[in-house]
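In what comes next, chain A is part of two complexes: it sits with chain B in the first one and with chain C in the second one.
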Partner chain A sequence: MNKSAQKLDVTPLVDESYCAAATQAIRCEATRLLTEGTVAAVIGYQAGRRKGTAMPTIVSSPEKAAELIFSSACVNNLALYLTKAKKEVRGKGRLAIVAKGCDMRALAGLIAESQVKRDELVIIGVACAGVYASGADRAAPLTNATIARKCRECVVHLPEGADLLAGSLPQQPMLTPLESQELARLEALTPAGRWAFWKEHFSRCVRCMACRQVCPFCYCEQCLCDRNRPQALESTPRPAGNMAWHIVRAMHLAGRCAGCAECERVCPMDIPLNLLNRKMAKELKELYGYEAGLQPQEKGPLAEYKDTDDQSFIK
Partner chain B sequence: MHHSKKHAFEPKIVAFVCTWCTYAGADLAGTSRLQYPANVRVLKFPCTGRIDPVFILRAFQKGADGVLVSGCHPGDCHYMAGNLHARRRFAAFRTLIEFVGVDLDRLEFSWVSAAEGGKWVEVVTELTNRILTMGPLEEFKALEAEECWSGKLDTPELQEAYNNI
Partner chain C sequence: MSRIGVFICHCGENISRTVDVERVAAAARKLPGVAFAIDYKYMCSDPGQGLVKKVVVEQRLDGVVVAACSPRMHEKTFRNAVKSAGLNPFLCEMANIREHCSWVHEDREEATAKALDIVRLMVERVKKNKALQPITVPITKRSLVIGGGIAGIQAALDIADCGHQVVLVEREPSIGGHMAQLSETFPTLDCSQCIMTPKMVDVANHPNIRLYTYAEVESVDGYIGNFSITIRKKARSVIEEKCTGCGICSTKCPQKKIKSEFDCNLGSRPAIYVPFPQAVPNTPVIDRANCTWFKSGKCGVCAKVCGPGAIDYNQEDELVVEPVGAIVVATGFDLYDIGPKPADSPIDGYGEFGYGTIPDVIDGMTFERLASASGPTGGKIIRPSDGKEPKQVVFIQCVGSRAREKGISYCSKICCMYTAKHTMLYHHKVHDGQAYVFFMDARTPGKNYDEFWRRAVEEEEAVYIRGMVSRLYQKGDKVVVMGSDVLVGVQVEIEADLVVLATAVQARSGADTLAQKLGISYDKYTFYSEAHAKLKPVECATAGIYLAGACQGPKDIPDAVSQASAAAAKVMTLFARDQLEREPIVARVNERTCVACFYCKKVCPYGAVEEKEIRDRQGNLIRVVAYVNPGVCGGCGTCQATCPSKSVELDGYTDEQVMAMIDAL
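Now for the complex of A and B:
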C-alpha cells in the first residue's frame, strides 16, 4: 500500500543519530539489569544479517547485552513474545522488554487483560521517530516514501510510563496522514463501493494467518477459525471465507487493538488491515469514549456496559 | 418438457432470539393467533449475549436476505446483563459490517418481551416488507459462488512469468 504513496523524495526524514543514543542507553540498562540479576532475560532487537536490518532477540547474559540495538529498522512489536511465540521465556523469571510507543500500548493492553503482570516486567521504552514500512529499502535512510503508514500519524513517539526512557526524540517533520485520508475516503463511498474495495482486497488473501500469528492480542490457545464441528469459518482461501475471517478478526480486536499495525506489515498480499482496526477504534471512541493508551485500563469497551449506552439502532 | 416457472421473491429471514423474552413473545403471538409472514426462521438462544456476530455473518453467507436479532429489554435479562453486553457488541458489529459494505437495512435489532406478541408481529412484518422491496442479498451469494483469487495479473513481473509458462 505504501507504494502508491511513494514520492521521489530521498531526503532523510529525521536525524537518525538519535538511535545511537537509544542503543547506548538500552545496552547500559540491559547490562545493569542482567548483572544485578533483576531480570532473567531482555527481549530486544539485534542487528540483522543484512546491512540496515534488525531482528528480535532474547538476551540472557550481560556479555550479550552489547549486541542490542535500536534503529529505524526495529519494526517488530516485541510484546508478541510475552503471549505467544516465545512464551516459554516467561517461566524464567522477570523480563525486561524494549518497547516503542506502539508496543507499549500493546503491553498496556496485555496487562489490562491479565496476560502479563506489570511487576514481572521491566519496560525499557525507546523514543521512536518512526520505522520503515514493510518492503522498504533498509539500506537507505528513512524517508517520506519509506516510513510506515502508522508512523505518519503516531501520537506515542515517547512511551511514557516505561521504567526507563532510552534516547530522545529528534526534530520531526509534519507528515500527511495517509491512513486517515484513506479512511475518510472509504467512509465517503457508497456501501457498494466499500464492498467492492474490500472484496478486491480480501479475495487476494491466501490465509497464511500471518496477521493472527503476529498479533499480540490473538493469544487464544485455539482460534475460532481453526475450529471445526461446528465450523464457524471456512478455512480454505476462498473469497467467502476470507471476507468472514477478516470481519471476525476485526471484531475480535475491536476495543483491544493497540494499533501497532503489525498485521498490515506482515501481510504478504498487502491487505490494508490496519484500516479496519483504525475504523473500529474510531467508532468505539465515539460510542464509548474508549481509546487504547499507554496505561492499562481496567476494562475494554466491549467487556463492560453502561445503562445509558446508545440503543437508537434497536427497535 | 421442463418449464421454468418464475417464482416471486420470498425473502429468507433468520431471527436469532433469546429464549426468555422474544421466543416467549413469538410463542404468545402464535397462541394469540396473530398473523405474520412465514419468511422468518427462528433460532432460539439462551440469551442475546450468546449470539456471536459470527452467527449473523454465517446466516448472510448461507443465503439469508435479512437477519433479526431480538432479546429482552434492558433490565429484564434473565442473566442480569447479557443483553447490555450484547448491545455494545452489536453496536460495534454494525459499524464494522457497514464499513465493509453491507447494507444495514438488512440487519435488525429489537427488544421484544414475553408479553409483546404484537410487537413481534410488527417487527417481523416490517422487516419482511422491507427486504421484499430491497430484493435478494446478492453480494454474499456472489462471493460464495466465487472459487478463486479475483486479483489481476497486473504487474509486469507476474505478466512475464505468466507468459513464460
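Now for the complex of A and C:
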C-alpha cells in the first residue's frame, strides 16, 4: 500500500450509501428464509468491533438476521465456509450465503467440482462496488488509495447466477488497472528477469500457509504439500521449497481460480499472489477461451481433451 | 534390508558392444540392498532364465532387476520366470539398457555410466515395489460380429459352431456383402453365389446366431468380457415376424424404376424390395426416400396386398441392448469412387478417365454384375450405352491404388487377380472379342494365383500392356484409350467399346465413426489397425476387439476368411475361461483423503471412475468418494496425474516408486 498516496487522495471513490440498501435487502431475505425454514443458516457478514470493520458470521435464527450487514469492509470470500472453515454447518441443511461477484465465481467452481450442490444453496448475490485493500483504514471512506487492487479492474460487480440480487451499483469512476499493468510489465521481462522477480518475492515466504487456508479451492483434506511418504516438496521455508509450493499452488488453481484474491489479502509477507492467478486465468482465456467460474461447467479445459485443442506448443 | 538380484544381459553384442556389462555388474553388486549381480550373454534364453530362477531361490531374493531390453520385449518373460521360482512377478522389473542406452550411444564410458544409472534407478524402484495379485473379471460368453460380409459370416459361424451365442449386425437389408455381388471368383472360377448363399442360409438358420440386418451399432460401453452394445434397428417398415417373404409387395409396387444399388445402378428395383433374390433374410424393406406412400401419403398398395399384414408404415427405429464379451469387427471395404473429385475426400479423382461422363467407362464391380448369371443382363456382357456386345475391352489396373500423386500409396491387392479373371470371363462369353489390360506390375502371390494369371495371358489371349493410361475420351461410339507401352517404348491408342477400371479398395465410409465408438485405432486411410503387424494381426490394441477382413486392409476372399476364422479362434480362446485375468496395474483411490472433486472421473478415458457412497452402519451417508473399477481401469495413470490431493495411486507406478527413482538420480 502506497502510504503517501493514501494521505494525498482522500476523496471518497463511490457513494457508499448503496451498501445500506444492500444490507436492508440481505436482512429482509435472511429473515424470510430463516422464518420460513427454507434454510438452516445464513452465511453473511456482521459488523466488527472496531468502527467500519466487518467479519463473517453464521446466523441461524431470524432474530439474529438483523445483525447482517454489507459494506466495503466485507472483504472475505464466504465460499470458504462451505468447504473448510465451518464445515459442520453443511450438515444442518440448506444454507443461504451472501456472495459478491468474485465469491459467486468461486461458488460456481465449487458446484462444478461437486463440493456443493446448487440446490442445497440459496445464493444472496450482492452488488459490490469494491472492497478495502488489506490494511486499509476502514473508518475512512473507500478511496482510490484504499480500494483492493483486484477491485480496480473487477468485471463482476454484479454476481451472475445468484438467486437474488441485493442492492444496486452506485456510479463508479474508472480506475487504473494496476494489476494488469504490473502483469504487462512482467511479461515484457526476460524469463531470467521474471525468475528473479518471483525468487525475490518467494524468498520472503514464511510458509504460514494462510494463502492455502483462505482459498476456497484448496479444500483437500490432506494437502499434498503435507505428505511425507513420499514427500512432494520441502516443508520448511527455504527457497527451493517455497518456489515449489507457489508453483504447485498456481498450477493447481489454473482453470479453477476465479480471482477473489483472498490469498494475496491474507499474505503477511505481501507476496503479489493474485498476479500469478491473473496470469493463469489469462493463459486459459487465450488458449481455450475459458474463464473460470462463469457457470458450473461439467469439465474445465484442463480436464478435457478435444481434437480441436491448440497443439502448436508441441514441437 | 532388501535382497535384490540384478541380472545384466549382453544381448549377444547388442548391449555389450557399447556397455561394459561386467563393470555394471561389479558396480551393481555394491549398491545398497543388492544381494547378487551377474552378467550373462543371453539372459532371455533358457539357461539365462534358469540362472534367474536358480538365484532367486538360492539367494532368497525379494526383488529382481533384469537389465536388458525394453519391458515391451521381455518383461513378461522374466516375470513368468521369477513367478515359477516362487516370487511375486510384480517384484521383477526391467532396466532398459538396450533401446534407452546401448543402441543410442556410441561412447563406451558414458554409455556404461548411464547403464549403471538406469540399473540404480530400477533397484530403488524395486525396493518400493509391492506384490500385486492379478485381477479377475467375469466374461460374458457372447460375441458381437459387426458386418455380414464373408468375413463376418465366417467369424459368426465359427464362434456359433463352438457353442457360443453370436450377435451379427449388418448395415444393409441383407447379409452377403460384396461377395454376393461377384460373378465368379479367382483362382478357381467357381460361382460366388454358389459358395456364398449356403453360408448365408447357415447364418439365418443357426440356433446360436441372432441376426440384425438393416441395423447399426449405436454405442459401445464396457470392456473386454463385459461390453454392452446398443444396436439401432432402422425402421424397415415391414414387421419381420409377420413377413413370409412371398414377394407380392415387390411385384405390386408401382415404383419400379429405382436404380438397384446391388446391381451397381444397372438394373432397377421397386421401392419395397429385397436387394437380390437370394437375400438373407428374405424380408423386404421400404426405401422411404423413394416410396410413394412416404412421399405423398397416397398408394399403400403393398399394405393392401400383403396377406399377413406385415407392412407397418409407422415403424420407428428401435434401440436394442446386447451384452457381449468380445467384438469382431468385419465391416469390409468400399470401392474407390472414381468420379472427377470425390467430395470430402483427400484423394484426387480421375477426371481424365471420364468416369460418370463416358457411359462405357465402368468399374470392376459393375463388370461383375454384367458377367453374373443373376445380374441385370442375365450374364450377357453388353455395354451400358447402347446394349451392344463390346468387341474390344480395355481393362485398366491400379486406378486409385499405388498412386501416391492421387493420395493412395498402397496396393489394393485384389485387382491384378480380378482383372485377369475379368479377361477370362469376357473371353468365355465373347469368343471373338479382344481384352487389353494396362498394368504396372502383375502381383500374383497366392496359391495357384500365378498359374491363373498365366492362363489369362497365355490361353485366354488377353493382351497385357505394361504402362499407364493418360486419357480416355469418347470418339463416335468408341472410347479412345491413350496410354503408353513402356516395355516397347511406344504410345498406344486403342479404340475400345468398353473400358473397365480396376478401382482401389478403400476403407468403408464412416469407418472412423465406428472406430471412435469402439475405441480402436485406424491408419491414415481409416483402415483399422491391428495390435502388431506380424504377431497380433487380428487383435486390436483395445482388449476384446478383433478384426476380420478388408476393414483392416485390402484382402481377397481366402485372406478374409482365414482372418475371420483367426478372429473367431481368438474369441473362443477368450471364452475358454470363465474368468479373465488382467494385469493388476490399476488405479486405486485413497478414500481417506479423497475430496470428491471427481476430476479423475472427468479425465478417465475408460469411464472406470465411479462415485462411491460411504455410509455408516445405520445407512446414513457420510461422504462420497471416487472409486476406480479395476475391471475397467486401463492403468493409464491420467487420474493419478490429475488428482489435486494425490489420493489416486497407480499400482506398480506409485508416487513413492517414481520419487525413489528420481531421488536415485
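By definition in this document, the second predicted complex is superposed on the first by the 305 of 315 C-alpha atoms of A that agree within 3 Å, B and C clash if a C-alpha of one lies under 4 Å from a C-alpha of the other, contacts with A are read in each partner's own complex, and residues count from 1 in each chain.
Just so we're on the same page, a residue touches a chain if its C-beta (ideal position, glycine included) is under 8 Å from a C-beta of that chain, and two chains touch if they have at least 3 such contacts.
Keep in mind it's a predicted model, so treat the numbers as computed, not measured.
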Practice task
Return the chain, chain B or chain C, that is in touch with more residues of chain A.
Solution key: B
Problem - Which of chain B and chain C A:S203 touches, first, second, both or neither - result: first
Exercise for the section: Tell me which partner A:E221 touches in the superposition: chain B (first), chain C (second), both or neither. Expected result: second
Problem - Touching partner for A:S114 - first (chain B), second (chain C), both, neither - result: second
Practice task
State whether A:V89 touches chain B only (first), chain C only (second), both chains, or neither.
Solution key: neither
Practice task
Have a look at where A:A47 lands relative to chain B and chain C in the superposition and call it first, second, both or neither.
Solution key: neither
Practice task
For A:L164, select first, second, both or neither according to whether it touches chain B, chain C, the two together, or no partner.
Solution key: neither
Exercise for the section: Once the structures are superposed on A, label A:A232 by its partner contacts, choosing first (chain B), second (chain C), both or neither. Expected result: both
Exercise for the section: Using the touch definition from the top, say if A:C28 reaches chain B (first), chain C (second), both or neither. Expected result: neither
Exercise for the section: Figure out whether A:L175 sits in contact with chain B (first) or chain C (second), or with both, or with neither. Expected result: neither
Exercise for the section: Please identify the positions on chain A that touch both chain B and chain C, taking each partner from its own complex. Expected result: 224, 232, 304
Problem - Interfacial residue positions of chain B with respect to chain A in the complex - result: 52-54, 57-58, 61, 74, 81, 84-85, 87-103, 108-111, 123, 139-140, 143-144, 146-151
Completion exercise
Per the touch rule, the chain A residues reaching chain B in their complex are 186-187, 191-200, 203-204, 224, 232-233, 237-240, 243-244, 247-248, 250-251, 254-255, 276, 279-280, 283-284, 287-288, 301-302, 304-305, 307, 309-311, 313-315
Fill in the blank from the handout: Within their complex, chain A touches chain C through residues 113-115, 219-224, 227, 229-232, 252, 298-299, 303-304
Exercise for the section: Note which residues of chain C are touching chain A in the complex, please. Expected result: 592-593, 595-599, 602-603, 624, 642, 644-647, 655-656, 659-660
